[in-house]
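Chains here go by letter, A, B and C, matching the order in which they are written, and residues are numbered from 1 within each.
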């Protein structure tokens, strides 16, 4: 590989990982707050979707230039295309995380059945976080076998998140039927949890794009 | 499966091609028969020359008692018995005083010596037309049975110059004359020819003037060689006053003739050097002489050398111009310098071919063989040198 | 009019300034009023369809066109504040400072050592012996050939493979310590692996030399060049940073060429 192309590629990869890490960090902090029951601390999470958007545009332009100048083929081409699409996925994931943090913080109060909520939110959150972290780690993975293992792990976590959300939905609807006056808050909680679940979906998209880059096949986005 | 069925299944069977193949075969037959014809001609010629010339490499000697004393040295005819006088070479007898001087112990004795036989004896022994009388023939046959008549290797042919006495005639003076002449030819033609070619190829601009020069050089190569002889006569002998029939004049005349050949072949050799070499050399900031002398010339050299040797070989066989400047005079002694009168091999052979004695026929043929051998060797050397110096790309 | 805006940064020095260069092959007007700046220690690529004049232009930069008698040149080419076509400029000295590598590798039929050593000795850059040995080694190292030939310096230059021969030609050119290196389609006669090696070499060399390369392979220009000039029918159509030319060219002809619509 031409040295100059390798430098540009590494630069792009680092930027993508930086984006991903921003989202992952935010998720880690929010999980910590949930575990330590310090929900108000959620306001300290600093995740600027606008900043990430700018970074995503910057990365996309770098990718266009690299494609124009170096005409990468095969694995190099798949890699570039996957980065191009992963930046979009990360923006959506960041929007979802931000949405979760904002809405959950506003809607959460001691009036609600916090035990039930947290009982299901924390595992759901854990799954989403694990899915996103694993899928981002696939970008740096060089061993094909490990990549495929990680991909399956992400899929597993994603389906776990789906299941968990379905259960939470059922339980919260039950809670709503019992306390109709808190229905808005409960619906908001549900809405925020939905965003958490969608984060897991984004993670599985990222994982399938990373798998496409490493291994090949067709691009499949969910 | 019948043949017809097989052919129907074969998509590549095409009977219309038969006529074309036959025409092709006919063409091959024509060209082959031309080749055979040429080879046959050549073979016939070689066979004729060799069969005529090879007897010349042997000469008849007779072993007879020769008396060495003061009287016989003065009058050499008395050194031998009367009956032998007709069958031995007069020329040999002339050399008796020198022989006695070289071997003083012979004085006062009669020694059996191998004496050079007369040319008629030699021709009789070789089975050719001769003029021996019956008496002499009987004497020779008798002596032959006693082992006193032998055919020995003819070193006279290579050591002696021309002579009116057939058995004493040799090619030596002609060989020396040829060598001197050709040295002069090469000394003039080679440097002038190569330098001209270098100028024309590397320095001259491509305009009408140089084109005219180029056409004329090619024409010069086609001029009948005898005209060069007239030119040499007019300029070198009449105008410059150089000695007639000398290797100097002969060499200069042949140099004029060989010059176009060397120029043309040197130009071809220079042209065959790929231009990329010159471009690379110029690109490095080298001057014209550095480019030409150190890069182009070494590559062109094998070609130049080959062309020069072929030119030399041609010059060696030239007779007509040298006849005009007088090199067919009778030259018994080899020339000592380039200014003395000389002859060259082809001229010598021309002279011998016109002599009446029968022996000269075989000497001429033998001379042709020697000349051919030298020419073939020169060409072989040219090929060898070209292969040796050829630079692989 | 040349299109394209160069983002001139303060540390881009101009090495070669071409002003209104016109060239005729006899009656044929081959180069029309070329004006441009070539920047120091950068790789500038000249691209364009066959017969557009890029090789002719390149050969003007070291006055190689002077070798062709039917050529007429107008205009100026200024290197280090001197027009190389001035009457008092010796063309041989121009070629000492502006070296050239050709399309077909053309090592001299001498030994590898002599190939590199001949010109520097003639120019008086080094004297025979140790000085010269060092120069030969440095040049061969710089062109990435030393390790492959250090044990066979006496073998003929023509015994090397095509890619090695081209690297030998590059070593030979840098041995005379030029400031500018012109390359006329240096890899078009080579296999892909050799091409890659030479492109990597070019990227290394630009630290010490200004490189101008003619290529009919656009991707090569995209890979290695900092600046690209697009020639068409003897005119300089567009000259800009390579990134701009290949992502967003200003002139439609440029775009048509880049996208493969002609040439």
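The criterion applied here is as follows: a residue touches a chain if its C-beta (ideal position, glycine included) is under 8 Å from a C-beta of that chain, and two chains touch if they have at least 3 such contacts.
Note that the structure is a prediction, hence the values are computed from the model and not measured.
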Topology of the chain contact graph, where touching chains are joined (line, ring, star, complete, other): line
Chain with minimal offset from the mean of all protein Cα atoms: C
Chain B and chain C, separation of their C-alpha mean positions in angstrom: 57
Intercentroid distance (Cα basis), chain B paired with chain A, Å: 100
Chain A and chain C: spacing of chain centres that average the CA atoms, whole Å: 51
Touching two or more other chains - residues of chain C: none
Touching residues (chain side chain C, partner chain B) in the complex: 62, 64, 67, 69, 92-96, 99-100, 102, 104, 106-109, 118-119, 122-123, 156, 158, 169, 172-173, 176
Chain C contact footprint on chain B (complex, rising order): 205-206, 274, 276-277, 279-287, 290, 294-295, 298-299, 391-393
Residue numbers on chain A that touch chain C, as the complex places them: 2-5, 64-65, 68-71
Chain A-touching residues of chain C, taken from the complex the two chains share: 196, 199-200, 203, 219, 222-224, 242-243, 246-247
